[in-house]
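Two complexes, one shared chain (subunit A), two partners (subunit B, subunit C).
Coming up: the complex of A and B.
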């Protein structure tokens, strides 16, 4: 593939070599220029700038001095109990929501893959939460979990299903707030998982199942021995993407609890955002964002390293 | 015979299970719609009702007329449209350069682009804020557009480069030999052949810009420059108990998205699974 590319561009090169050489060498840069200019100024420069800021006690007011403090902002994080709490919350949120989304998403995908009636309709409904804005669904869940008896969740759990003895004030306590935040995270992600898994399932050759059926394999055996091993690359991909996503949870928490009560539901991004834009401590905020990025890099690489294995069929 | 019956039964069971699941997933939406149709008196009635006893469109009228939603809607539409056009243009030109040319610095630039795909967008928000304030781009829709466009460049370039490289080069080469220049080749040959990929980029860019919250929240203060997500979140803050109004506003914001989604599902699925499933 690569060698044919070079060969054909080489051929074109010889055709235009005579007299128009300069133009060939300038053209790609002209095509790159506008897009790259934007990319370099709003992505690459901020990336470097964030690191610089993290080394200063940055003063957001232009003209005032910002003393250089070295790695102080980083050591400060390690001695900051709220940072550790936010980290623990982030990990907990990620583990629970990733497991929930993958399990439910895969289950739905397996079912939708088999169903012959209304497949598109089911797929559309399960996917609706994915395309709905985080702002809207966060506010919606806040409303569903509100603590007056008319809150839909309380009503369903207490009056309809009789699963709870009494109404719960979901959002006034950290543990029950997490129930609201995490169920939102899972509910919103099932559809994405379903679509990706469905595509993978449809790529499995049906002959494999036919052969297994002839050999007398049960449904469970087919699932464990054929389906899951064959979609393993997709499972790894989904896992990596969801973990990255879980670490970036922000809007739901910011809008449902704001990190409260008493900063007990703070996650890394909400803590970073509050440091930056509530307390205007840009240096500490930038250090927190670098710690978060390092964490995401580290975890993603570890996952890919340990889980990725080539599959042939 | 009994096999067919068993299959029928199996399918019925499947439809039942999937139907119940779908109902559970849809329930929050159904309740949102019904709340938006309730007058303030009925929002907290007990037991909660899915079908409003006195349905009214007042919430929609009041969101649109007396709460400036029309303005926010236009702001969002403008930002999302301009971002989409800009993104299509910029990421496809960059992708074209990477797909069809050899030049010094190519791999360094490309790997820089790919590396930033791993960077969580929000980690850049502090330096971006500083940059925007230096460039007088705070409180400005242009500031939103530039940051949204830049934020998508890496992924969309990656996606489009992959697509361009699958297209045969013969047509382009023939056009060049016939005296066409690279610009006409790009616009007249390459882009028309790439409509499916461009559609995917357009849809995701539009929705991303339409729904973006954090950057807008951070940089927009002036009420008249708000976009829909900011307006809805603020609405929820200032009209804390007026849920009917909040959800009427929310529905105004998400209905266009749902329409786009239902009509263009094909491209959605394609874009989603583009990087995910390789044979």
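Coming up: the complex of A and C.
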């Protein structure tokens, strides 16, 4: 194909060549077209539509009037105590689970990196939670933290280890509910962190460690002065991705506590969902989604800006 | 007379074409205006005449149509079995041109699924709606006003109990007809009473309070009363029987009602009962659920509906249920009305066929068949039937229904219920005093009612 094209263009001169150039520039776009169409209809259109909805007291039934309310849905959020509570909860969830996932993920990666026998088996085992369904493990964690009849956690703490005198009603209190929700978030994320960190660790030339060992550097020194500085780009990448993921926590909270008790474990996404499908207040829900998007954008931008600039190679 | 008929025919024709237009038109034609116009005609036209006109204006479709009916019966329940295996085939045999597709949608997902389908323009024709959703769906514009589109609506309106019928009324129109009704009665545990030396079931709330010591003497894990939460369905029998209420009768404000002295007294009672260890912790979402706890002789009493009988038959066949009226307080013995309405969706393309199915659901055959599965009927003519007269347990429910009240029929009910639930939780957790929690809840509901 290619050679025919070249030959024919050579024979027919400039007009043909101009034609070919036009065809070449069109081909990639034709290949991009199906993807672009999907992107436009499934991502861009809903985005714009959600923005439109956020400016109305939206009636979800097509053909019925929806009054235009301008930025009312946005100003409403700032006077809504549950919005602030949900924002605080979202930030808290993000800080705790991101820190937990990164620390444990990196630890596991460092350990698995040293394993010589059965590394694949370990990697698979740690990665398993990542590929299981959020719905399944959320329900599983709900059972683990059950109080009557006692779930596995209560059973271990009270009946086996005798650490507590009585069963804890984990899910009837906001603070203890967070233990269940956050431990699920961390447990499920360790595998993904491990795989990314492991890839970064394996990219570090072994000579650096050999030289350091000859110079008498201890294990800690090698970790602090060689490993961590060299995987810094990966750390930044993981941090940004996890923070975005933390802000989007929904399924676990929706299934384990449903935002309760008394809306104390509501996060931005669960609150947004409830606005739409519980209170039929789609305008407010859409406005909340835009506020969340602005927040994620702002935080990610700041992270990239400050953390990535200082990396030295 | 003849001239009047002509005018009516003309106006009705115009109206139906307007309705059809508004159904097809995009957002440009706001539907509420059309509704307003029809009101005027409705008031001046005798029912029989409208019927004639509509029948001639829209002849029944010759080719077979399929209507969809959504309900929240459990997929493997006797209700669903009866509906899909007996009743729908019966209807289809009588109406060869109409096929009925029934879909069981879990209660918790029902509203979400319905909204999604309406937004996509593929809503079902009919739904069996919780009575408490009707005002909300009507306000949204999702429902067809049945008193306008159904020519013989008045006939059916006259046949059903007025209480359940009233749950279909919103903003000047009836949007559906009752399908089944129920209320909560007081189940008392005979075996536990005997063990504790309690002679008879309580007649008053004071009698309930007096059971505390005797039941607690049976064991730390025994409770006088259990319920599943602090939501309105659970606390309303107490509030009303104490003489309290949620809002004023016109549903304009909650202050003075939800935080009034009688409602406060009801919550004070529940709080004391909880602190004494007589109200089960299941009210805060932990512990064994009420029905199971009764069967296991953990709970001496609980409130629930007629569906518990078939459930016990299947799950706890050796345990007997004994029911009496809700114990009376200063306000009397007042329980909460539950049940479902059958409503026609505005998006339905086969309204005539769908209304035919509505008529079928209000026939004595249908109502009696569903009654066999624990669904209490809504036709007053059946009260005198042998079936009801000889029924082992429906009598107590019909007795309780005489004084039972419906939850606030308001589009913002879901939010109001959430506010009530949270206030109850704050009270029982002793995070706020009863008065403070109810003052705050009343203020929140006031704001909600003012914004509607």
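Quick note on the criterion: the second predicted complex is superposed on the first by the 275 of 313 C-alpha atoms of A that agree within 3 Å, B and C clash if a C-alpha of one lies under 4 Å from a C-alpha of the other, contacts with A are read in each partner's own complex, and residues count from 1 in each chain.
FYI, contacts are C-beta pairs under 8 Å (C-beta built on N, C-alpha and C of every residue); 3 or more make two chains touch, one makes a residue touch a chain.
Fair warning: this is a prediction, and the values are worked out from it, not measured in the lab.
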Contacts of A:109 with subunit B and subunit C, given as first, second, both or neither: neither
First, second, both or neither for A:277, with subunit B first and subunit C second: both
Touching partner for A:262 - first (subunit B), second (subunit C), both, neither: second
First (subunit B), second (subunit C), both or neither touched by A:180: neither
Larger contact residue set on subunit A - subunit B or subunit C: B
Which superposed partner A:243 touches (first subunit B, second subunit C, both, neither): neither
Footprint overlap on subunit A, where subunit B in one structure and subunit C in the other make contact: 60, 148, 277
Subunit B-facing residues of subunit A, complex: 5-6, 8-9, 12, 15-16, 25, 27-29, 31-32, 34-36, 38-39, 41-47, 49-50, 53, 60, 108, 111-112, 114-118, 120, 122, 124-129, 131-137, 139-144, 148-152, 155, 159, 187, 190-192, 195-196, 199-200, 203, 233-234, 237-238, 244, 247-248, 250-251, 255, 269, 272-273, 276-277, 282, 285-286, 289-290, 292-293, 296-297, 300
List of subunit C residues in touch with subunit A within their complex: 22-23, 25-27, 29-32, 111-112, 115, 118-119, 121, 136, 140-142, 281, 284-288, 346-347, 412, 414-415, 418, 421-422, 425-426
Residues of subunit B that touch subunit A when the two form their complex: 11, 14-15, 17-19, 21-22, 25-29, 31-32, 35, 43-48, 89-91, 93-94, 96-97, 100-103, 106, 109, 112-113, 116, 118-131, 146-147, 149-151, 153-154, 157, 165, 169, 173, 176-177, 182, 186, 207, 210-211, 213-214, 218, 229, 232-233, 236, 243, 246-247, 250, 253-254, 257-258, 261-262, 265, 268-269, 272-273, 275-279
Of subunit A, residues touching subunit C in the complex: 59-65, 147-148, 169, 171-172, 260-263, 277-280
